[in-house]
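The next block holds one structure in the form of structure tokens; read it before the comments.
By written order: A, B, C, D, E and F. Residues from 1 in each chain.
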Amino acid sequence: MTIDSGATAWVIVATALVLFMTPGLAFFYGGMVRRKNVLGMLMQNVFSMGLVSVLWAAVGFSLAFGGQNRFIGNFDFAWMKGIAKADSLPGYTGAFALVIPPLLFMAYQMMFAVITPALITGATADRLKFSAYAILIGVWSVIVYPIIAHWVFSPTGWLFKRGALDFAGGAVVHINAGAAALAVVLIIGVRRSYGQETMPPHNLPFTILGTGILWFGWIGFNAGSALAANGLAVQAIVNTHLAAAAAMLSWLVVEKAVAGHATTLGAASGAVAGLVAITPCAGFVGGMAPVYIGLLAGVGCYAALSLKKKFRFDDSLDVIAVHLVGGILGSLLLGLFADKGVNALGADGLFLGGGLRLLGEQGLAVIVTFGFSFTVTYVVATILDRTIGLRVADDDELVGLDQSQHAETAYQ
Amino acid sequence: MTIDSGATAWVIVATALVLFMTPGLAFFYGGMVRRKNVLGMLMQNVFSMGLVSVLWAAVGFSLAFGGQNRFIGNFDFAWMKGIAKADSLPGYTGAFALVIPPLLFMAYQMMFAVITPALITGATADRLKFSAYAILIGVWSVIVYPIIAHWVFSPTGWLFKRGALDFAGGAVVHINAGAAALAVVLIIGVRRSYGQETMPPHNLPFTILGTGILWFGWIGFNAGSALAANGLAVQAIVNTHLAAAAAMLSWLVVEKAVAGHATTLGAASGAVAGLVAITPCAGFVGGMAPVYIGLLAGVGCYAALSLKKKFRFDDSLDVIAVHLVGGILGSLLLGLFADKGVNALGADGLFLGGGLRLLGEQGLAVIVTFGFSFTVTYVVATILDRTIGLRVADDDELVGLDQSQHAETAYQ
Amino acid sequence: MTIDSGATAWVIVATALVLFMTPGLAFFYGGMVRRKNVLGMLMQNVFSMGLVSVLWAAVGFSLAFGGQNRFIGNFDFAWMKGIAKADSLPGYTGAFALVIPPLLFMAYQMMFAVITPALITGATADRLKFSAYAILIGVWSVIVYPIIAHWVFSPTGWLFKRGALDFAGGAVVHINAGAAALAVVLIIGVRRSYGQETMPPHNLPFTILGTGILWFGWIGFNAGSALAANGLAVQAIVNTHLAAAAAMLSWLVVEKAVAGHATTLGAASGAVAGLVAITPCAGFVGGMAPVYIGLLAGVGCYAALSLKKKFRFDDSLDVIAVHLVGGILGSLLLGLFADKGVNALGADGLFLGGGLRLLGEQGLAVIVTFGFSFTVTYVVATILDRTIGLRVADDDELVGLDQSQHAETAYQ
Amino acid sequence: MKLITAIIKPFKIDDVKNALKAIGVQGMTVAEVRGFGRQGGHSETYRGAEYNIDFVPKVRLEIVVDSEQVDQVVDTIVTSAATGKIGDGKIWVSEVERMIRIRTGEEGHDAI
Amino acid sequence: MKLITAIIKPFKIDDVKNALKAIGVQGMTVAEVRGFGRQGGHSETYRGAEYNIDFVPKVRLEIVVDSEQVDQVVDTIVTSAATGKIGDGKIWVSEVERMIRIRTGEEGHDAI
Amino acid sequence: MKLITAIIKPFKIDDVKNALKAIGVQGMTVAEVRGFGRQGGHSETYRGAEYNIDFVPKVRLEIVVDSEQVDQVVDTIVTSAATGKIGDGKIWVSEVERMIRIRTGEEGHDAI
């Protein structure tokens, strides 16, 4: 096992950057809720940094990356056992063996595990009981996230082996979280007075702040997934940035055309949509492809906003339109734009002469990830709802989460 | 072409840091405008991340760094063509050949191209029409920025060849943006009720937040410009930090003496003034020079605040006093303090026994940059003003940019 | 002296991260004060970035790391003299010689010197005169901080030589600042109407923002202290993150049990308590130890909140409970959990079979650091109080620091 | 002419506004206020220190109407703002001597 | 003594204040409020969802004056606050029975 | 019934509230306002540009009480809000014709 200090330097920083994304997400969402619920939102996000990290050290990492089974990890690395010297960790053999300490790989992946369940909070904003949330993401981080991570990210996972590509978590993070969000939203129901009362964002500057932090952190998320400081990481940073930029533009253009104004919330949403869509592709495409992917993501996610109207669910802050749809779009577009010239470990997509094979694998990964996450989350959330209840009492919702769940007031 | 993974790691991070500066700038400015214009300000900054990035990938980078012509680049790298393997890129030959992937150089420079036009927004705060802004910076990022970048940053550029020094963009970024800001401000005119109504900053904590992010990001801006993780980068980080610190102190002292109080806005402004002034010098001076440069920048930029009163233009958030004057100060002070002992690629300034040669070149670079940017921007802005109009309608200004341009309310 | 570019890359970034912590701290504290004092708080923190940096370049670094004396440094490196080529700097010899430029070591340490006195501001919130604060931290950064840094961090310092361990500043930063805070608080007295008027936090989202920035920056603080991009840095990042996570959880559990609700301020406070406690331990423990240390820190610091009630001092934002007690806890727990297997330069604690030796040294370091900092600060603060006065006039306190000290209004 | 001042629960503002619109009220002025009353406040505990927050957020409406309209407006507010729970708020009515529209200088009934 | 309440456009506050100062008004109290009226609101579309913002920002002035001064004050407000566009606001006048200065306990005219 | 409106210094709100509670006042409504008066404002200089901030932060209390209680309430406010320094604020009293509790529809004394 050779350790490269440049690669290690970069992945340490990338780990810090991804960590910073969760507070960023908290503000991205927190700005969009009503004033009486902002602390509730910030808390749910920040709490994931606490709970999920400890669970990851305890069992999550091991369940995701331990052992050779194709469907699930094992407990070899549970309770931080033997990670530091884990030559047996998948990824540490062969021509493309990792050149960073295994423990760093664990830390980097931990930050992904933290932010993924936090994404759900946007869908259930303003009504999810804090205790139910804590249990939900606790369970989820043990029986949903590590399993999908294993399938897709671990070289021993079955989707990985089949050739599905997911550079930084289009499926593992975004489709996974989006599907879970949809499941919980269907059970928890719409916000009180949804559709009657106006519920505009209470602090859009916070949303822009969150967007800035997310964009910044996403460079760690995507370029860090190269797990080295090399040309691949560089390609990923360029792709990531260009996709976000392009998606912001296309979202704004469509918004201007449809609703009459280009909004700051639209700029923020478009950028995030682009970041989501490029996530699976970041290390597998090149040239102007990220711009095209971004442009399509901006339009596609904007169009997906209408889903919740059509199907009458209350995905409060559009997790489904942005993360689920954006993740699916990115995963499938990779089947078109993937370019082996960019990454020898990748494949050629339809446009690069690779035929439909990759697109098929991507489609399978999308369906399987969505299906597994949605189903298991639906069951877990149902059980929670029938026992302690997912949703706060009506009065608590009226008075707001800040006061009812945390006995605090955001602004005095 | 040898790639060093440590250098690559650092420049990737520096790229992310410079990216983060644009949201930082958005908050720095956003806190200073009135409550009804904060989203307008945030949007203009964030929008630059979208538009300019895509333009940079399309043609900007190539116009700045392609080919061997002394006055302008070419289209060799347009539409992301052949950058990844660009051994022909200037800077990749000779004893000091870069050791980072060419694509990373492109990405790093992209972030400079993004933030530069965003700097203008501070001068035109509260009255610039969003559509006019979008066109203005779009055009500007193709016909102004890349050309000046070519002259000064590209080893084939004429100012570079003459020996003008600009480590991280004193001329390319700050004088350039400041001159453009002045041109636009002269055309767009003063804010409605300027001088009659009080227009104090609406959220100074946001301005401090922005300052913190800018200072943090500026380490990427200046130390990243070493394009390697070596002693030069380290010298740049030390110089950058000390200049910011010293300029904060001198600004506060003068402010206390003149106006009676040391203000937080003064601390923020001083720090940014120091950061601007040290930008051209960061990799060319050493010892206590950054402290002296900072002290002078704090005083000089504070004094420059009165320019707008004297000449009765409404540079709303003092882009000219801070960026134009700060950039000029830094560029000229480099003619005094430059030290070849710090950087063999630099020169000795007057105080180090180098005579007046460097100062002369710096003066020429200042004049040429200012003249070109001011003139071209003036023409572009005039055309815009005569056609679609630069300025929002009176009623729109009254009601604020947030509502009139973006149909949004910042705080509910 | 060999320079490793990966190590250099990482420590440059770590320097930037620690720099970013001071604005983060400003917001962490700033959110907790009343609306009329928020700028006063932000200013005090930001001002430390100005003043202390310049003092560090002038004399601080040299006093901390110059020469071979066991009790104090010298002036060898004062005014930035000869740092760049300082092979004579302690730490640059032997098997574990540093592989980063000495100037980078100076820059990295500078950021520690900046944030340490800023920590005090939380204790004296809402009543400390700005001029007195400026002088206090100026003096303190010359006669307190460098001396303790010398004792503990410099290989020639007496506590270092005895074998006291402090990876990233449990004693040098947290106990030191906490002791100084206690001294100043005892002299300055309670806030006007303390205990009668309600003084709840005015902007908890800012506190959460600050927490996010602090957590992010702390990775630079602790993992950067490895001064290389190696396995030790990785161990430190993992330890840091897990301790913060665990402490957040234990604080929230206790809070829920005792006061009925898990609060966002509690989540923030717990995380910071964990970060403080792991600071001395970050590079000396492994496995699940950070989780245990974190859990204990959360409970311990929560319990320490009652100290101020019992002893009736007004440590406004709980610097003593979080930093002093957290720092002491961490330093002592290291005596139990230290593991030479993690770091050959460390030692084995009680639980790893090392007996009580390390615990004894840690105890000594705690007592000595506390005693020195408390005593000297008490004397300095008393002199200031008797001369210019530490505290603002009653009317100034009523009207708030923003207006009385800085003639500014935070929000309009 | 009369001034009707109503203190209501914040989340009722849309309902009340719509109900008033429906009976032809064409203008009103609204402010965010804090109320102290039987409803009582709540306590918040920050790091172990308990704060009693006696005031609860309320919204204050002012509506100037012709004297004949008072009863209808009052009834409409009562109906649309009531939840039946403590803290629903108060309405009080007082005399207005003059009412002027700034734009036109019109007075009295025309100014409303 | 009378209480004059005026609802005006926010950007007019400086003009009105200065005009009132000029005619010798020595005190007033100002609050930020939201108004509903003929001016109508506007709609905001967040991610495709349209919100009708019925309320527009206004500023509310309260000035207690001697009865003789009422006309002058009202006229001054009308002049200085008017833009001639819809939404300029309203003024209403009501009777005040007592006025007390807290600092001194003075009553009536002296307390103003 | 009377409406007592008091403009006081913000930091006095807790004292006043407690004093009023002590004499049996069961409800009041409070708003943050800005006052202009003899106290004068202050000036703030941002980057060399001076702004005169004429308005100082105040708190506005509204209390509806039975007519008999007016004197006691006014006196209590005067006592608990006074600091003896300029800017302590004003109290004014006006007539209320009706008072209704929204929850129950009760009127008059019972509604307070």
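Heads up, the rule we're going with is that contacts are C-beta pairs under 8 Å (C-beta built on N, C-alpha and C of every residue); 3 or more make two chains touch, one makes a residue touch a chain.
Given the structure is predicted, the values throughout are model-derived calculations rather than measurements.
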Shortest contact path, chain B to chain E, counted in steps: 1
Neighbouring chains shared between chain E and chain F, ordered by label: B, D
Type of chain A:chain B copy interface by residue overlap (half), same or different: different
Selected pair, greater C-beta contact count between C-D and C-F: C-D
Rounded Å distance between chain A and chain F, as computed from the means of their C-alpha atoms: 51
Separation of mean Cα positions, chain C and chain A [Å, integer]: 33
Approximate Å spacing (C-alpha centroids) for the pair chain D, chain E: 17
Two or more partner chains touched - positions in chain C: 4-7, 9-10, 13, 198, 200-201, 203, 209, 213, 229, 259-261, 263, 265, 407-409
Shared-contact residues (touching 2 or more other chains) in chain F: 31, 44-46, 53, 94-95
Chain-level touch network, classified as line, ring, star, complete or other: other
In contact (per the touch rule at the top): chain pairs: A-B, A-C, A-D, A-E, B-C, B-E, B-F, C-D, C-F, D-E, D-F, E-F
Chain B-touching residues of chain A, taken from the complex the two chains share: 4-7, 9-10, 13, 17, 34-35, 200-205, 208-209, 211-213, 215-216, 219-220, 223, 228-231, 233-235, 237-238, 241-242, 244-246, 248-249, 252, 259-265, 267-268, 270-271, 286-288, 291
Touching residues (chain side chain E, partner chain A) in the complex: 44-53
Chain F partner contacts - residues on chain C that touch it in the complex: 193, 196-198, 398, 403, 407-409
Contact set on chain D toward chain E in their complex: 1, 3, 17, 26-31, 62, 64, 94-103, 105, 111-112
Residue numbers on chain F that touch chain E, as the complex places them: 2, 5-8, 31-38, 54-55, 58, 60, 74, 77-78, 81-95
